[in-house]
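I am attaching a structure below and will ask some questions about it afterwards.
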Amino acid sequence: MADLKVNIGGLELKNPVMTASGCSGFGTELTDFFDVSGLGAILLKGLTLKNRDGNKYPRMAETPSGMLNAVGLQNKGVDYFISKIYPEIKHLDCALIANVNGSTIEEYVELTRIINELEHIAAIELNISCPNVKEGGMAFGVSCPHAGAVTREVRKACSKPLIVKLSPNVTDITDIARVVESEGADAVSLINTLLGMAIDAEKRIPLLSTVTGGLSGPAIKPVALRMVWQVSKVVKIPVIGLGGIMNATDAIEFFLAGASAVQVGTALFKDPLIPLHIVDGIDNYLERHHFGSINQIIGGLQM
Amino acid sequence: MADLKVNIGGLELKNPVMTASGCSGFGTELTDFFDVSGLGAILLKGLTLKNRDGNKYPRMAETPSGMLNAVGLQNKGVDYFISKIYPEIKHLDCALIANVNGSTIEEYVELTRIINELEHIAAIELNISCPNVKEGGMAFGVSCPHAGAVTREVRKACSKPLIVKLSPNVTDITDIARVVESEGADAVSLINTLLGMAIDAEKRIPLLSTVTGGLSGPAIKPVALRMVWQVSKVVKIPVIGLGGIMNATDAIEFFLAGASAVQVGTALFKDPLIPLHIVDGIDNYLERHHFGSINQIIGGLQM
Amino acid sequence: MSKKAVTELTVLENLPCGRNQSMLVLQGEHDLLPVKPGQFVNVEIPDNKEVFLRRPFSVFRVDEERRLLTLLVKDLGKGSHSLMQVGTGRKLNIIYPLGNGFTFPVTGDRPLAVGGGSGVAPLLFLASLAASAGIKMDVLLGARSAADHIPVNTVAEDIRCFFTTEDGSLGASGLVTDHQVMKQLDSYNRIYTCGPLPMMKAVAALAKTKSVTCEVSLENLMACGFGVCLCCIEPTVEGNQCVCTQGPVFNVNDLLWQI
Amino acid sequence: MSKKAVTELTVLENLPCGRNQSMLVLQGEHDLLPVKPGQFVNVEIPDNKEVFLRRPFSVFRVDEERRLLTLLVKDLGKGSHSLMQVGTGRKLNIIYPLGNGFTFPVTGDRPLAVGGGSGVAPLLFLASLAASAGIKMDVLLGARSAADHIPVNTVAEDIRCFFTTEDGSLGASGLVTDHQVMKQLDSYNRIYTCGPLPMMKAVAALAKTKSVTCEVSLENLMACGFGVCLCCIEPTVEGNQCVCTQGPVFNVNDLLWQI
């Protein structure tokens, strides 16, 4: 067994494979299938201060090698999370990372402050890239000043490792990455979904209640890989790569491009066991290629 | 037979289905298969003033529901085009549209001026969105001032309908569309390829000689559709939609989203006859839904 | 042991079963997990390049001893069409058991099931287990024409089954809601319904006027099927609920349907 | 009439043919377009969700009368693996005929073909047509082991065929370039080669020292196969040329190989 431990901005993980936020619920749905102690970390479903109903049905459309979603951060709010969900998950033998959302900087900060108190939350992922909410969300992630400001303020409220999740819907993602790094992010994760749309040609209506939604799955992998490669060249903090990862080979590609860890999102819908298969596959790859540690292939692309 | 004629900024087309630039050569490769008079228009392979060898092999990588290319505008230059190719194609019974490229505004203008003299070129598509060249190309398409400047200068040299081809690799494509409209574009076409990357995990090398390349095919259709929808709401000039169109249903979706015509690119590699099947399929759709003309469904999405 | 599994079952039979419908008999290598009527499986669609996500199908029948799990697949589009072509011997990857399932009737209950379209499978599964438990359940199935119904001999003998067809070619003429049994709802104390939305709403409306408990099984679009994506939601008195975990079966009173 | 066609052929046979290799016999409904040795077809790969583009395969054999077109498919990855599983009766969509083909030998020529890997098909096609035209062509095929060679009885009787294997299990031991015939290149005036790049380069280098005309058939990655995408290019003395239209066969002197 090769050494799969990675350190993401102070967060020690037993292996570099996490589930992506919004694709693995609060972890309990996964325990119906397997023992989550095999995962590097679970990214919890996006949280907001108050209850959010999310967007209207339909929220999903299948696309070539991918899907669009328009969930819109449905969750019962942080109080409910702390009283009902956190007690159920806090003893899971797996790092838990909260995904923090807001419509204003104040909301982001307040939510961070609350979650920062929770002992069993290992890190905070600041989501400035949700394309499915009217206010906040992606608006922060596509502008350097906004991305910088929210990171700066949240940083003050956050003593845990702070990961900022970037939007791919930008002209130059390295600009945003540099700004959040300079404002104190301990790591960046990328990419969130690409803004897309689907239409029912027969009915002449949009397939999503919100018209546009977020594109995820294998279709976006080439874009995600490119952005991870670009960003990892310009920042010193660790990069967490995601976007269309379906198997160990995909994950290895992200490590080679410069990711220090990966997240698995849409693939979970196809098979919740995929993250475990990926852990095994990475181990197998490292052994086959005679690497003792995952750290030896991070950024290992030969040009 | 429904009325399929469309008018794209002064250019009358017998039907709204064109082949995309770089995916249909100079038209002669298609005539080996079928009579091109069934096409609305052929977009010629990207031209430059001087010979360009393009990028090194390998230039192509297959991706989930799509492909990356890094051709890099290989062509023998406009003089060769005029002396050797143009005479072979000028009598094709199909509108020919030249795709114009440059590294500087001066190059764009000079090339436009030369091509503007060619009687059988029906229109000019200004490509400010090629991701595969070191200079010019996409650099113009991702900045409002640059996109505006090149459009303004080319417009002066161009008495034919001028279509500006936009890059999807931007934060807000409507900004770019508005600028090129205000600088005199008669139409916009979108989208060019998304910047992506692919890696050979076993060999730990990039699959493209250029590392990054342009992503095309069904994978990008949701993004293309979204951008066509966004742009068609904010400009008055016609929008030509493309990106992952494989069949008539895909094409109809683009019309509903606001496109006045479509281009078929990567699909040609799968089957060069697809544009003709699309023409038939559109006709069939219009009849089935009791529309007398294609114009009745353009922008016809019901919200 | 895990409560849910991702597993491969072998296609033992794939039989035409009424127009554009197949009965897909799948066999497990190991013992199956317990499945209740109204629960479903999420099937990975093989071979079809245009299908990315799994497709959910209600369980029609289970034979624990022979490790058989049977589905009724109606040709409604890309995925279902592909499943209908799958050859015997082929392995299908499924996730199961999913969803809550129907409230099982208790002795003394007089239950009625009303179904149509792709909603027939879970109702017949329920009726047949009820019969085994000594509870007689009436089943009313509607379709356009005789050919669209599952063959009558497919329905277990111990189930009293009524048919309606729009063209009168089998059973009573008209929609299920026109059928005699729907005029005698007082003789039932529980109604289960699954099928096209307009049908379910019409049935639920009649049940409401007679104050008969009514459970509906929804077929909202799903991405994951096990509660993590929040794509399949239905508005309820408790807020948006996941059809895949908190349903697919709901008491109609909990839904915000305008009926 | 069109020079090239997109058409469906039916799989008449799909036979194992040496280790990890299949012989795929395809039949047309109508007369086939003429195909020359060295030309190829671009095959749409069915069923495999991970394959988006077509895959090019050289033609191994043509039977005009029975409208048969045969390919030799080696399992090199996703697409070829899928093709090897395709059942008889299945239709395959192909684009053909593509590429330039070999320069056909003329009476008096003493040609030699040297192949290996996935490069065997076009050479045996050429040799067999040459034989029919009364031109004897020698063929030298290399592989790792006997099991990797196509069965000897697959080679037409009128072709003199030499084999090499790295383990000595069939024919001479070693690489093709170690074989006796390569030491007697003076007795040939034309060499055709197709197979792994290192093999072709080694053959071309030997041909060069002996000033024997050498044609190589390249297998560059292709997207379209008919000249519109410019993805398959090879640097030549005339600049970048498309392997799919200006090749796949090149005179080695036109290439910029360092040999």
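Each chain gets a letter, A, B, C and D, in the order it is written, and its residues are counted from 1.
The criterion applied here is as follows: contacts are C-beta pairs under 8 Å (C-beta built on N, C-alpha and C of every residue); 3 or more make two chains touch, one makes a residue touch a chain.
This is a predicted model, so every value here is computed, not measured.
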item	value
Both-way neighbours, i.e. chains that touch chain C and touch chain A	none
Identity of the chain that, by mean CA position, is farthest from chain D	C
Euclidean distance of C-alpha centroids - chain B vs chain C, Å	47
Distance from the mean Cα position of chain B to that of chain A, given in whole angstrom	34
Between chain D and chain C, distance of the C-alpha-averaged centres to the nearest whole Å	54
Centroid distance [mean C-alpha coordinates] between chain D and chain B, Å	36
Two or more partner chains touched - positions in chain B	63-66, 217
In chain D, residues with contacts to at least two other chains	49
Chain A-facing residues of chain B, complex	63-66, 68, 142, 169-172, 194-199, 201, 203-206, 211-212, 215, 217-223, 225-226, 229, 244, 249, 252-253, 256-257, 285, 297, 300-303
In the complex, chain A residues that touch chain C	22-25, 29-30, 32-34, 45, 51, 53-54, 57-60, 62-67, 69, 71, 74, 76, 217, 266, 268-273
Sites on chain D touched by chain B in the complex	2-6, 44, 50-54, 93, 95, 220-235, 239-240, 245
